[in-house]
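For reference, the structure discussed in these notes is given below.
Chain lettering (A, B, C and D) follows the sequence in which the chains are written, and residue indices restart at 1 in each chain.
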Amino acid sequence: MSATPAFEPKIVAFVCNWCTYLGADLAGTNRLEYPANVRIIRLPCTGRIDFNLLIKAFEMKADAVLVSGCHPGDCHYTSGNYHARRRWMLFRELLAILGVDLDRIHFTWISAAEGKKWQQVITEITEKTREMGPYAYLSPARTATDEQWREEAVS
Amino acid sequence: MSEVISTTDLRQLVGDWLSQGKRVVGPRQVKPDLILYEPLVNGEQLLLDGFVRPSNSIKEFVFPRHESVYAYLFQGKELDLVDAEVPFREQVLLAARPCDAAALPILDPLFNWDYEDEFYNTRRRTTTVVSLACLAHDDACFCTSVGLGPAETRGSDAILLSTGDDEFVVQPVNEKGRALFSGHTRGSAAEPTFPPGPKKKFKPGHVQTFLREQFESSFWQEQTLRCLGCGACAYTCPTCHCFDIVDEGNATGGIRAKNWDSCQFSMFTLHASGHNPRNVQAQRQRQRLLHKFLVYPEKFGKILCTGCGNCTRNCPVSLGVLSVLEALGTGQSI
Amino acid sequence: MIESLRKICRDLLQSNEVQVVIGYGQSGPGKPVHPVFVRRPEDIHQLVWNEHCYTNLVAYLKRKEVQSLGKAAIIVKGCDERALVVLEKESQLERKNLHVIGVACEGMGEPRLRKCQTCKVRLPRFANEVVGQMASAVDDSRPRWNELEEFLKQSPAERMAYWVEELGRCLKCYACRQVCPLCYCERCLVDKNRPTCINTSATPKGNFAWHITRAFHLAGRCVGCDECTRACPVGIDLRLLNQSLARAAEEQFNYRAGMDPQAEILLGSYSLQDKESFIG
Amino acid sequence: MSRIGVFTCWCGENIARTVDVERVAEAVAQIPGVRCSVHNKYMCSDPGQTMIREKIASERLDVLVVASCSPHMHLKTFRKAAGQAGINPYLVEMSNIREHCSWVHHDKEKATEKAIQLIRLSVEKVRRNRALEPIKVPVTKRALVIGGGVAGIQAALDIADTGYEVVMVEREPSIGGKMAGLSETFPTLDCSQCILTPRMVEVGQHSRIRLYSYSEVESVDGYVGNFKVTIRQKARYVDIDKCTGCGECWNCCPLKKQLSEFDYGMGTRRAIYVPFPQAVPARPVIDKNACTKLKKGGCGLCEKKCLAKAINFKDQDKLVEELVGAIIVATGYQLYRVGQDQGKRKLSGYGEYGYGRYKDVIDSLQFERLVSASGPTGGVIKRPSDGVVPNTVVFISCVGSRDNAKGLSYCSKICCMYTAKHTMLYKHKVHEGQAHVFYMDIRAGGKNYDEFVRRAIEQDGARYHRGRVSKITEENGKLIVRGADTLAAVPLTIEADMVVLAAAMRPSDGAEELAQELGVGYDEFGFFSESHPKLRPVETNAAGVFICGACHAPKDIPEAVAQASAVAGKVQVMFGHDEMTREPEIASINEQTCAACFACVRTCPYHAIEKTEIRSPKGILVKRTARVNSGLCMGCGTCVSVCPSKSADLEGFSEQQIYSMIESLV
């Protein structure tokens, strides 16, 4: 590898198949440019997006996570997003008390018609995350018993 | 005539060791109501009196709760295996309770009988154990019942004995211990206070007979009903040493790690088929005692218990080895 | 009071209305109080009641060893009883197969436990019978979220540093899970591999994933008995995590787990009016 | 270990312009398990698909990733192609490197890097895909129609005329519903009965329609294609097979003063009666609460008069079972009972209008009967109190509608139109009379609707006052209507001879209970919920259950009929196959680890998860568990999220697949 490249945030987006994924498709169809930092994980419904997935994304060194689905009332499965909304509301409380940076985890509703919104959301998140720098989830690392924390040899 | 070190000097010495790059582990007041063996940042953190013993044991400094044994890396379609670095940092386990120190020679043969555990052995080699003779004991202590005592030196490289006057008689047990304190003690006529140990609460011989003969006894079910199946006893026990091997990683590679495990977990013996030979908690409790007092002694000649009482103190429902063994001795309900 | 408690239990055993009484026992004065399972009327003297009856005995209802003893009578404090309400909502117990003996409780521990200082359920509400009376009136006025609010005054980075330190001690002994009356999964998520959602290693990742999961699986369910915190051998203050979710449930959804048997379970229901100011 | 094939598409220049396809193919070839990584100008074209088939054979591939456009575009295409080459279609995944990559990024370096990562995600996912077979559900080609109003009739006839059997259940003694009682219909003023009764007769005589009148649905079991419906036939005390409908019985019945339900209390009937002359079936029923014989054991005159021996005083409710494949709910509406308790709903607004207290304050359906030529007054408008023809009639709209405080927040939609119609009908019959209308807004959207209202005002002289009525009192035989004209900003008091209230439309009594029995959602007012407001307007969340007419929301006759035909179309599509094929990407429960907390049962939007018990061969309860009904599951995966032990999982988006994807993001 040559010189250290500028920081490029890694953004993981968990999106529902019927609204936000199609919204992102529409952004493509309309050739709406946005930063290439986002990786979409397609799930059928926001109802399927479990909090454990978000934790895993941070463990895998995501710098920001986006969760997005159909607007209230639009859910393909009628109520998955309502269940998700309530879950996330509570989950954010837990993250807050743990001191997880809430600026690293975003929730939006983006419909299949909102290609423009997808573009804006991704651009904003990418820029904001780029400004904040890499996310060191679970840091500062404990030093007192350093040996216990010999983390994965791979980085 | 004995060699003594004052409390102040001992704390100073901790600072010296730290500045030499050694890791120093000793009892520390982590938060109100919680004393643990923890790595010390300075000598002042060392907690020397006013408590019976820390809630954890020193085993985790020679046998950590999580330890990578090797890493695997995908290089394209190839897989690279990378040996984990064997830890070699010098450490001093200071003011260890004799019941903690005594656990180490009990564990040594286990980590060397068929396969020499390089990680364990290296840590043992680079570790100096300085124990502190007990001045106090509580209802949970029973070192004397398993052949140990408050000033036991087995497993220690040196032992500190309080004179009750803010100083300690330093008694080296071997050259390693002598070297550690060499030049830091002074001669004194002070005599150490020898505390009495807890009174004997059972006879290991009786226990072994019972274990041999009463494998199917309803005793186990009766006495261990309240066990909720956590691992608090095993994880704070100086001698429990079971571990699990897990892989943790991602698409680029990962590690194979040794993690503590406990026979009290229902998953411990669960077969892939779904069958579980130890299907109820009583069988798991029986297993724990059987291993400590019969199987391990038969194999390695040593009881796998130092009477520290941690299992009783840390049990959410106050069920420890001692309560079961006492009941076994008296036939009374616990 | 203990005599009336023993009498009720003796009668229940004698009439064979129940086959086991799950209560508190003590091997002698000053010794730790621990759970006992009394199965014969003549053993009823084993039962005790004092301010050291910490254990939430409801946790035993999930254990098959205890289930196999037959129909049980269980002694509960007001706080413990809330767990029964949740379990019944979640189809984990049938009330007709359980005899509940409530005990009026002035609080546990000397000084009183944190949960007891703001307790509002000192008299069990749904028990088959309640033993004892309250000597003092319930003080409703004491704020329940002081510690939490105090903690939240710290910056996120300070909070994270605190938890890295606290959860760093976690041994993964799962005492928090095992004592919890509401952790009744037959196979805990942490014990599931393929895929491994939660690393089993006692590393920061593994410990955070575990404690986030444990707390969140109790969101809208935790009744605040604080048994997890009491059981932790390395003194992790899990109460804070539980409280943050309990407060959110109460403030956002006007919901307190185990208080109202009629209320719909918080997660698993929704309202069109749920707040979503955090969603862009 | 799978043998993975990755096929990267240029999409002409669409992808290749910003993604270095060749480099992508090379990089992807390095991923463990990838046996073949090739590219093609157009993967979806014939040559592209041929390439896929050839590589499957030559490289012995068993799973595939196609990196091209959105899966919404071509996943079906490639799954089909793979299927033709002998690979299970569900072992194919797509990477969207066009819409999500080449089209939205300009930096070729970054776009290429991203494309590689996106493909890596799919490779990790596809490795853990499982071969799935489409789920086949046998279909019973019979439909149940609940409700015999105009919507139910339309749906039943459409389906039956296609050649399928229909079971119709009607709660009242005759089908016809609300429409049968209307006088004329807007905006054409054609006679309601003239339109409807021939359709009713068709239903009654149709060889493929089995009509259960005076019956209700007791319970519903099963699932789409395979419902078992239990119907309660209420005791009618008349054997309708023996009865010839001659009328001897009701003509001889001495109990003449029973209030007629069909006339909404405006007229009377006997204790044995047909609700109205054109009833279908044209068979009488005995009112057990009125009949002397049934109450006290006397009389029995009708039995003696009946030559067909059709009267059976010992008749009892009967339960019958019917097997159907689809269920159509057309249970219609009822009016808000002004100032009175609405059953379960604690609404009793507008007591100040004196409905029920003053005989001459009536609701709109009662007015329909007064105007109807077949009504109790023979079509002469006579006010109920003294039979005098009213000279001034006040019509009040929005009684209960659009009122959060006292009534219901929604608009009942048809009242503006029928109120205009009422003023016209009144004017046509009472030429000197004056109609006044108090209204909030006039909503006359619809073909020829606004013209119709204008006609009422301009030609027939109805006076429209924009404003609410605050109180109605009775003084000296007149109804004093106090209101306001907000356009003129003056209080307004009208001395009326009769007042007609356009009461809000509400779902029929029992609609919520029926919705629960069917597992269909309903809103806060009790109206049935459609599956999707735009795309699935007549389907419900319960597969195989459809809705039409006013049980869904207030609507007029043309709309109800259109919806009914739409439902019939949906049912015909379903019945066009012997088996229904359902996507196999659905949820399942690991019954070994399920702790039976039933969080999934509570959250499943489709009621597709049920509580079950596992018993040993001897019948001993081993454990309880949740179980997915593959006939109902739609694959949203909400159950997976709420399952604490992850005993629930979703094919196609399994925990293993998703975690592998996340773990490949490093």
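Here, a contact is a pair of C-beta atoms (placed from the backbone, for glycine too) under 8 Å apart; a residue touches a chain by one contact, two chains touch by 3 or more.
As the structure is a computational prediction, the values presented were derived from the model and not from experiment.
> Count the touching C-beta pairs: is A-C or C-D ahead?
A-C
> Taking each chain's centre as the mean of its Cα atoms, which chain lies farthest from subunit C?
Most remote chain from subunit C, centroid-wise, comes out as D.
> Roughly how far is subunit A from subunit C, centre to centre by C-alpha average, rounded to an integer in Å?
34
> From the mean C-alpha coordinate of subunit A to that of subunit B, what's the distance rounded to whole Å?
The computed centroid separation for subunit A versus subunit B comes out at 43 Å.
> If you average the CA atoms of subunit B and of subunit D, how many Å lie between those two points?
68
> Touching at least two other chains at once: which residues of subunit B meet that condition?
In subunit B, the residues touching two or more other chains are 65-66, 248-250, 252.
> What parts of subunit D, by residue number, touch at least two of the other chains?
592, 603, 642, 658-660, 663, 665-666
> Residues touching two or more other chains, restricted to subunit C: which are they?
Residues 187, 189, 196-197, 199, 202-203, 267-269.
> Can you tell me which positions in subunit C touch subunit D when the two form their complex?
90-92, 184-189, 192, 194-197, 217, 265, 267-269
> For subunit B, which residues are in contact with subunit C within the complex?
30-31, 33-34, 36, 55-56, 65-66, 139, 221, 225-226, 228-232, 234-236, 244, 246, 248, 257, 259-260, 262, 265, 267, 280-282, 314, 316-319, 323, 333-334
> Any idea which subunit A residues touch subunit C in the complex?
Residues of subunit A touching subunit C: 51-52, 55-56, 59, 72, 79, 82-83, 85-94, 96-102, 106-109, 121, 138-142, 145, 148-149, 151.
> Show which residues of subunit B lie in contact with subunit D when the two form their complex.
Answer in residue numbers: 74, 76-77, 249-252, 274.
> Using the touch definition from the top, list the residues of subunit D that touch subunit C in their complex.
592-599, 602-603, 611, 624, 642, 644-647, 655-656, 658-660
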